[in-house]
Amino acid sequence: MPFVNIKITRDGATAEQKAQLIEGVTNLLRDVMGKNPQTTVVIIDEVECDNWGIGGESVTVRRARG
Amino acid sequence: MPFVNIKITRDGATAEQKAQLIEGVTNLLRDVMGKNPQTTVVIIDEVECDNWGIGGESVTVRRARG
Amino acid sequence: MPFVNIKITRDGATAEQKAQLIEGVTNLLRDVMGKNPQTTVVIIDEVECDNWGIGGESVTVRRARG
Amino acid sequence: MPFVNIKITRDGATAEQKAQLIEGVTNLLRDVMGKNPQTTVVIIDEVECDNWGIGGESVTVRRARG
Amino acid sequence: MPFVNIKITRDGATAEQKAQLIEGVTNLLRDVMGKNPQTTVVIIDEVECDNWGIGGESVTVRRARG
Amino acid sequence: MPFVNIKITRDGATAEQKAQLIEGVTNLLRDVMGKNPQTTVVIIDEVECDNWGIGGESVTVRRARG
């Protein structure tokens, strides 16, 4: 019954990669905590680089600066 | 002053359905808890089926399998 | 499979009231959107009044001022 | 190491405005709490007006009514 | 730079188990997406059973019923 | 009508500091985006150090290691 929310920058993650994240974190909760995979919910949010800040500036600006 | 976040898969919910969710949950908080509807905030997130996992796989895969 | 998060101030909500919120919002999603109640997850967060701000001040201060 | 999530309606916020929010809230956490800006993460969610409710109705309906 | 939020019921998870969740999900994001572990943030919320609903009822009620 | 969620480690933030965060971020949204302070909601979550991970380990472990 766990609920997991993963936020990453929108950078071209493939459906296959997202499927691996879903499977991996569901298995992790089963292995570590004994949680039932059937009721584990995972939601992935892909966030625009303009909308993600770290160190006081957006990822867009950070990457442009190199 | 409550804050409610509803996450559903992106599946063609209409503006009318979303309006009913907003009105319904606002009224529920008024009826059960006495909360003031004027300051109740509701945010609905519609999540892509590739990005929603249950049972260790994405909703996309789950539906394709039938 | 919807996920709902309800945030209210920590103000003595009873287990009975919280059960009514859970049941009510689950039924709302079934009635409006056709969502399966068995997989609808609801999480209620009760937030300290010092930690909830509205209008630029905490609920604690707002209530003390009357 | 703080994490901040800002939700606003999708209303044409510019990259410049979003950069100012990121910088401003990062500086606020440094000034008030002594938090290290380098590890402060800020995520801005822009929410469609149909999906944001206040006072029991969507922002779309509220604005149409004037 | 990913951000992960894991919500589980408050059921006596140990510090060791929580450390395993943090390490496991951080490694998963490195292995699947190439994300830098040094900037991956994980927050675990432990939620009271009265405050977690599934199938229209709280986990407390569900467990009492057996 | 913005909604802001600030997550920090539970480290003895005072009511005064939390009030400054609430006031500061509310003013920031008014100044940058023209948002009405009266309907800006801010929620601060203080998270136990065992439950906050960065760099693949909990803040508790990280601080113990120095």
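Should a chain be cited, it is by its letter among A, B, C, D, E and F, assigned in written order, with residues numbered from 1 in that chain.
Assume contacts are C-beta pairs under 8 Å (C-beta built on N, C-alpha and C of every residue); 3 or more make two chains touch, one makes a residue touch a chain.
Keep in mind that this is a model prediction, so the values were computed, not measured.
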Separation of subunit F from subunit A in steps, with touching chains one step apart: 2
Partner chains shared by subunit B and subunit E (touch criterion as defined above): A, C, D, F
Self-contact between copies subunit C and subunit F, residue sets same or different by half: different
Between the pairs D-F and D-E, the one where more C-beta pairs touch: D-F
Label of the chain whose CA centroid is most distant from the centroid of subunit C: A
Chain at maximum distance from subunit E, centres defined as averaged CA atoms: D
Rotational angle, Cα trace of subunit C fitted to subunit D, multiple of 5°: 180
Distance between the centres, which are taken as Cα means, of subunit F and subunit E, whole angstrom: 20
Centre-to-centre distance between subunit E and subunit A (centres being mean Cα positions), rounded to whole Å: 13
Whole-Å separation of chain centres (CA-atom averages), subunit A against subunit C: 25
Multi-chain contact sites of subunit B, meaning residues that touch two or more partners: 1, 3, 7, 21, 39, 41, 43, 52, 54
Interchain pairs in contact, sorted by label: A-B, A-C, A-D, A-E, B-C, B-D, B-F, C-E, C-F, D-E, D-F, E-F
Interface residues, subunit A side, partner subunit E - complex: 1-9, 13, 17, 20-21, 24-25, 28-29, 32-33, 35, 39, 52, 54, 59
Partner subunit C, residues of subunit E touching it in the complex: 7, 47, 50-58, 60-61
Contact footprint of subunit F on subunit E as seen in their complex: 15, 18-19, 21-23, 26-27, 37-46
Subunit F-touching residues of subunit B, taken from the complex the two chains share: 1, 3, 39, 41, 43
